[in-house]
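The following pair of complexes shares a single chain, chain A, combined with chain B in the former and chain C in the latter.
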Partner chain A sequence: MSSPRVLAPAHREAPGPRRTVAGTPAPNRLAKRYSRARRIEMVTAYLFILPTLVLFLVFSVYPFVRTVELSFTSWDGLSSTFEQVGLDNYVAALQDSVWWGSMGNGVFLAVIALVFMQGLGLLLAVGVDRKMKGQTLYRTLFYLPPILSGIVVATIWKWLLEPNNGVINATLDSIGLGALAHPWLGDPSTALWAISLVSVWQGVGYPFLLFLAGLQGISGEIYEAARMDGATGRQIFVKITLPLLRPVIGIVSVLTFLGAMQTFNLVVAMTKGGPGYATEVPILHIYRSAFGPSPDFGYASALSIIFGVLLFGVSMISLYLSRRSGGEPS
Partner chain B sequence: MARMSTNPRRKKVAAIAAIGLSLTLALTACAGGSDAADADAAEAPKTTLTFWHYFTDRADLLQELATQYEDETGVEIKLELVPGDALPQKFQAAAQADQLPDISAGWTSAGEKLAPYALEGKILNLSTVDGAAEWFEEFAPSAIQGVTYTDDNQWDVDPGAYLVPLDTNNMQILYNKDLFEQAGITDLPTDLDEFIEVSQKLRDADIQPFVSGFSSWPLGSLASMYVDNVVPADVRTAAYDGSGRYDTPEWIEFLTVFEKLAEGGVFADGILGYDMPAAETLFASGQVGMIFDGSWALGVFNETSPDFKNYGVFMPPSVGDETLYIPGGVGSTIFVVGTSPNADASVAFLKWLTATDQQKKYAEASFNIPANRQVAEELELDENIAAFAAGADKLTPASPVAMQGAVVTTMTAGLQLIIAGSDTPAAVAARMQLAQETDLAQ
Partner chain C sequence: MTVLLNRPDLLEDPPARRGRPRLKAPRVLLHVALAVWGLASVLPLVWMVSASLQTNAEIYGGVHLIPKSPQWSNFVQAWQQSSFSDYFVNSVIYTVAVVAGTVFLASLSAYAFARMRFPGKRALYGALLVFLFIPIPGAFIPLYLVLAKLHLLDTQLGYILPMINGSLPVAMFILRAFFEQLPKELEEAAFIDGASRVQVFTKIAFPLARPAVATVVILTVLGVWNEYVLASVVFSNQALLPLQVGLLAFQGSYFSQYGLMMAATTITTLPIVIVYLLFQKNIIRGVMAGAVKG
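What follows is the complex of A and B.
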C-alpha cells in the first residue's frame, strides 16, 4: 500500500503573521486573533483529554512504575519496610525452573490456540459468511462461549472430564471405547491438553468474530471477477481470501498469543497448576509468588516485568513480520 | 465580590451587630445545652461492626445470631460473605489500602501466614484484653493451641491468642460400611500393609478404594500427618530451621510411602483431579470405600446426602515408626482487626458469640465439634461426631518451627507427581531441599 504524499513543511505551516522582506513581523490583527483562537482551541482540547490522561497516569503508568520499583525489593505485601535487594529477584527468576516450566506450558497453550483456535475460527467465519439459513443463530452460538465466565466454563468442563462420572468417559464407555476413558485432569501427561481443549472451545468465538468482520470487508466484486475467470473455490480461498485477510490474521495472531500466554482462571478452577507442575502457567506462578504461602511481592513483580517484556517483544516481532509480509493493517 | 466599607460609622455599626449576633448565639447555645446533649445522644450513630467470613454453610445461622445480638445490644453486625479461597487475598489487599473490616474469619491457624498481620498490629492480640484469661478458660486446650503464638515462636510475634475458636476439628478416614461389607472387609486397617490389603479387596469388588481432594490442600494435610509419623522429630526440626536437609533417607522414606500407596492401588482412579467437594460427592454417592476428610464432612453429608448414614470413622493407619498424630485442632476461627476503631465492641461481640448459649446453638445447627468445653461435654454427640471428638487426644502437638511454605508447595506438587508415577521420591526430596535453600536465601 502506498503511503500518502508528504507535503512540504512550508505548505503545512499554519498561516502566521506576515513577514516583511527584512523578516520582522508585520502587525496583522486577523492573524493574531486566529492564533489566539487556536491557542484556546488547543487548551480546550487538552482540558478534554485531561481526565483520561490523569486516569491513565494513575491506573496504568503509576502501577507500572511501582511494579518496576518493587521488583528490586523484597516485600511480603504488608510490612511497612522494603528491603532493597538489587537484581536478586531477577537472578532468582532466571534460576526458577518452575517459572520457566510455566512459560513452556504457556507457549504450549499459545501454539495450540494459534493453530486450532485460529484455524477453527477462520473455518467457522468462512462458513457463516455465506448466505445461508440460520446465519444469525450460528453467529450467536459461536460467540456464546467467550461471553461465559471462565470459572463457569471451567466448572462445566471439570464435570465433563470427571474420571468416574464425567460425560466424556461415560460416552466413550457407551460407544465401546471404554479403554480410552482416562483421568484427563488427573494425569500430568493429559492435563495440559485438556486445559488447551477447553481454552480453544471457550476462545474460538473471538477469532471467529474478527475473521468474519474481515471477510465482510472484502468486496464481492473480487470474488465475482475470480469466478468469471474460472477460479475454483479452493483457489479463491488461497489466492484471494487469505491474502486479503492477512492484516486481520496478523492482529488476531498477536491477540491469540497474548491471551493464551495469560491463561489463568481456567487453570485455577480446573487443576490449580497440577498435577505437579503439569499445568502451571506464568500468571498462576506470579500470583502464587505474591499471594502464596511465602508471599513476596518483589519477586512477583520481577516475574511480571520479565513476562511483560517477553510478551511485548514477541508481539512486536509478530507485528513486524506481519507488516513485512504485506499484512499491514489498513 | 462586595468591597469592604471604608466608612468609620458603618464599620462601628457592623462591629456592634457582629458582637450582638455572637452573644445571642452563645446564649442560645448555653440555654439549650442539655436539650442539645440529649438530642446528640438520641442521634448518636449506631455502632456497626463489619464482619467478613467465608462460612457459606453457616451464613444463615450467623445472620440469625447477628440479629439476636443487635436486638440485645443495639450493635449492628454487618456480615459479608467472601468465598473461602478469596478471603486471604481480599484481606491482604484491604490491609494495603487500610480498608479492613472490624472482624474477620481466620483462614488459617496462628502460624506463618498470619504472622505478618500480627506483627503489623492488623490482628488484635486477644490475650491483652480485659478478662482474657477467664474467657480463654472456656475453650478446649487443643483449640487454644491453634490460635496462640507461643513464647518462642519463629516469627517473633508477641506471644498470645490472636484468634477465637468457634469449633474444633480433625481429619480422619471415613469409610462406607456397606461397601466394606460388600468387599468382605471385617477389620479396619492399622498399618501400611493392611491399608493396601483392604484397598485391594475393594478393588477386587470393583470399588474404588480411597479418595480425597488431592488436587488441593488435603494432600498436604495427609502428607504432614505422615511426615510426623515417618521422619524422626530431630530430623524434622533440623530441616525446618535450616540446620538440616530434606534430601536425607528419612525424608525419602516418607515420600516413598506415597509411592507404595499409589503402586498398591490405594488411590481412586484420577484422584489427582479431585478437589474436596468432588471427592466428597464421590464418597457420599457410594462410589468410593474411604475418604480422608475432616469432621466438618459430617455436616456436608447431612446437607447434601441426607440418606447417606451408614458410614464410620477410623484413625488413619500408621505407616512409620514415629507416633501417629492427626491434623486438626482449631477449626473455624474469628479475629478482631487490631486497627479497627471498634475493637472493644468487636471483642464484646466475640465474647458473646462464644458464650455457652450461642455455642450450643452453633454446634447443633452446624454439626461441628464446639470449641466451648462446657457445650462439648453437655451435648449428646452422634457416633461419628464422637469418634472425631475422641481424635482430639491425638492431634499434632504444637511446634515452634514448621515446614517453610515454599517447601510445602514443592512437597505437595512432588507428591502429586509421585502418585502419578512421573517422579521419584529422591528427586522430589532434592527439590524440597532446593526450595528450602531458595527460601532461606530470600
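What follows is the complex of A and C.
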C-alpha cells in the first residue's frame, strides 16, 4: 500500500512539500494542494466508499448512539412522549433478579462452552492436522452443524429430546435404561444442561476450524527439529504446539464466550426461557423487555448497555491477558 | 461476531501437511475417534430426514431409522400449508438481494481502501472495523426504531438494508485483503493505456477477485438464510416472513405432527446443506481467513 507507484504518473501522490501538510485541506485550497489527477482519484475513492458509509452511519452508528440516549428515558416504544429518568433504568436493572438469573444462565452456558466446545474442538483439530486419509471428509462433517441455523438445530433437538417418543428417551428405553429417560427440556434442573449440550454439539466445528487454521500455521520444520532432538509426541504437544497456539486459543476463547453469553435462537425455539426462568438468557430478557407484553424500550436499552459493557470488558481483559502471557495474535 | 486472524494466505491452497507429530497409537484408533464425532455431527440430520418421511403413527410407534414406506406427502403438505412456499420464496429474495448488495458495496469500498489514496482512509477503515469487535447485544432494539423512523418496518427493504450493513464489514475485510495482494503491475499497465480508475476496477481488479468474491457470497448466503432475530423484529406481516421465522411459526401450529414438522425443517435445511457441500472450500477458507460466525 505504501510502496511507491511507478509508471502511473496520473495517480502518483502530489510531490514535494504539499505532502507534509497535515489534515484535510479546505475546499478552496484543494486546487493548490493536489493535482487535478489526485483530486479525481480522491473524489472517486469517496464515491466508492460513500454507500458503505451511509449504511454504516444509519444502521450501526446511529442505533448505537440512540441506545445510549434511550437508556436514560422511560419510553415504551409507542407513545410520542417520554421522560428523562436519569439512572432509574440502571438502578432497576440492578434489582431485577430475573435479569441476573439470566446472566447466571449465560455464564453457565459460557463455562460449558469454554470447557467442552473448545476442548473437543482442539482435540479434533490436533487429530485432523496431519497427512491422513479422509481429512477433508472429517472437516466437512465437523463443520456441518455450525452452518445450520439455530432455529433448525433447536427444532430437530427439541424433537430428539421429546419426553415420550423422542429418539433419546426411546433409545434409552430400548436398551434397558428406561429408568434414565427424562423430560430433559421440561425439568428445570436439566433444561439448561440440555440446551448447553445442544449448543456444544452445534458449536464444536467452529473452534475446530479456527484451531486447525492455527495449527496449519505452525511450520513442520519446528516439529521435525524437535523430533530430531528426541522429543516425544506429548512433549511436542505441550512444549511446542500449545504455546504456539496460545494467541489463537485466546481469540477463540473470547469468541466462544461472546457466542455463548449471547445465545438466543436455540433458547427461543426450544424452551422460550422456561420452565419458569430456568433457561432465561440475557438477550431473551432484553428482547422481552422491548417487545413483550409491557414494552419498555428505555429499560431494554439500559440492559443492552450493561450487557454490552460487561461483554466488552471481559473480552478486552482476556485478550490483554492472553496477549501478555503469549505472543501477539497472528 | 467476528475475529480477524488476518491470514489471507488461507484463501490460497493449503500447504502439504508435513512433519506433523507422529502418532504412537494406531491410526485406527484416531479414525475411530474422529468418525464417532463425524457421525454425531450428521446423525440428527439423518433423523430429521427419516422422520420427515414417516407417518405420525410410525413416529409415535417407536424408534426406527428407515421409514416403512416413504411419506412424500409430508413434503407436499408442508409446502402447501401455512404459506411455507411463500417463506421459501421470501428467503430466496432476501438472500439474493443482500448478497448482491453486499458484494457490490463491499467490493467498491474494499478496493478504495486497498488501492486508492485519500485523506481519512485509515480512520474510516478503523471506524468500520471497530463495529466488528464491539459486541452490541440487543442491537435489534435501536434498529427497530431507526426502521420505524424511516417507515421501513414491515417492508422488504427494511430487512435487506440492515442485513447488507451487517454483512459489509466481514466482506470488506476479506475483499480488501485480497485486493491488497493483487500485483499492482496489471493495473499500472492499464493506467498507461489510459484506463480510468473505474475501468481498472470493473475490468481488471474485480474479475481477478473472483475467489474472494465467491467466499463473500457463500458466507453471506449462510448468514442471511439462517438469520432469525432481525426478521422477527422487522416483520409482522406474515406474507413477508423468511423461512427461519416461518419455521418457528409452523412449529407452533403443527407441534404434535412431527412428520410434517421435520419435512418443513428439511425444506429449510436442504438448500443450505447443498450450498455447503458445493462450496465448502470457500466457506472453510473464508472462516479460517477472516473468521466469521453467523
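Here, the second predicted complex is superposed on the first by the 274 of 330 C-alpha atoms of A that agree within 3 Å, B and C clash if a C-alpha of one lies under 4 Å from a C-alpha of the other, contacts with A are read in each partner's own complex, and residues count from 1 in each chain.
Rule of thumb we're sticking to: contacts are C-beta pairs under 8 Å (C-beta built on N, C-alpha and C of every residue); 3 or more make two chains touch, one makes a residue touch a chain.
Just so we're clear, the structure is a prediction, and the values are computed from it rather than from any experiment.
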Fit-or-clash call for chain B and chain C when the two complexes are aligned on chain A: clash
Field: chain C versus chain B, contacts on chain A by residue
entry: C
Message: Contact-wise, after the overlay, does A:184 reach chain B, chain C, both or neither (first, second, both, neither)?
response: first
Message: Quick check for you: in the superposed arrangement, does A:255 touch first (chain B), second (chain C), both or neither?
response: second
Message: By the touch definition at the top of the document, which applies to A:291: first (chain B), second (chain C), both, or neither?
response: both
Task: Have a look at where A:77 lands relative to chain B and chain C in the superposition and call it first, second, both or neither.
output: both
Message: If we overlay the two complexes on their shared chain A, which of chain B and chain C does A:116 touch? Say first, second, both or neither.
response: neither
- request: Name the contact category of A:137: first (chain B only), second (chain C only), both, or neither.
  value: second
Task: Once the structures are superposed on A, label A:217 by its partner contacts, choosing first (chain B), second (chain C), both or neither.
output: second
Message: Of the candidate stretches 38-46, 92-100, 146-154 or 236-244, which in chain B collides with chain C after aligning the structures?
response: 92-100
Query: Which residues form the common part of the chain A surface touched by chain B and by chain C?
result: 77, 165, 291
- request: Give every residue of chain A touching chain C within the complex, in rising order.
  value: 1, 3, 5-8, 10-11, 13, 23-25, 38, 40-42, 44-46, 48-49, 51-53, 55-56, 58-60, 62-64, 66-67, 70, 77, 120, 124, 127-132, 134-135, 137-153, 155-157, 159-160, 165, 167, 170-171, 174, 201, 204-206, 209-210, 212-214, 216-217, 219-224, 227, 233, 236-237, 241, 248, 251-252, 254-255, 258-259, 262, 264-265, 268-269, 282-283, 286-287, 290-291, 297, 300-301, 303-304, 307-308, 311-312, 315, 329-330
Field: Interfacial residue positions of chain C with respect to chain A in the complex
entry: 1, 3, 5-7, 10, 14-24, 27, 30-31, 33-34, 37-38, 40-42, 44-45, 47-48, 51, 59-60, 62-63, 105-106, 108-109, 111-121, 124, 127-128, 131, 134-146, 150, 161-162, 164-166, 168, 172, 180, 184, 187-188, 191-192, 197-198, 201, 222, 225-229, 233, 244, 247-248, 251, 258, 261-262, 265, 268-269, 272-273, 276-277, 280, 283-284, 287-289, 291, 293-294
Message: If we count contacts the way the header does, which residues on chain B are in touch with chain A in the complex?
response: 88-89, 92, 95-96, 112-113, 116-117, 119-120, 122, 208, 215-216, 268-274, 278, 282, 287, 404-406, 408-409, 413-414, 416-417, 419-420, 422-423, 438-439, 441-442
- prompt: Which chain A residues qualify as touching chain B in the complex?
  reply: 74, 76-80, 88, 92, 158, 161-165, 183-189, 191, 271-277, 288, 291-296, 299
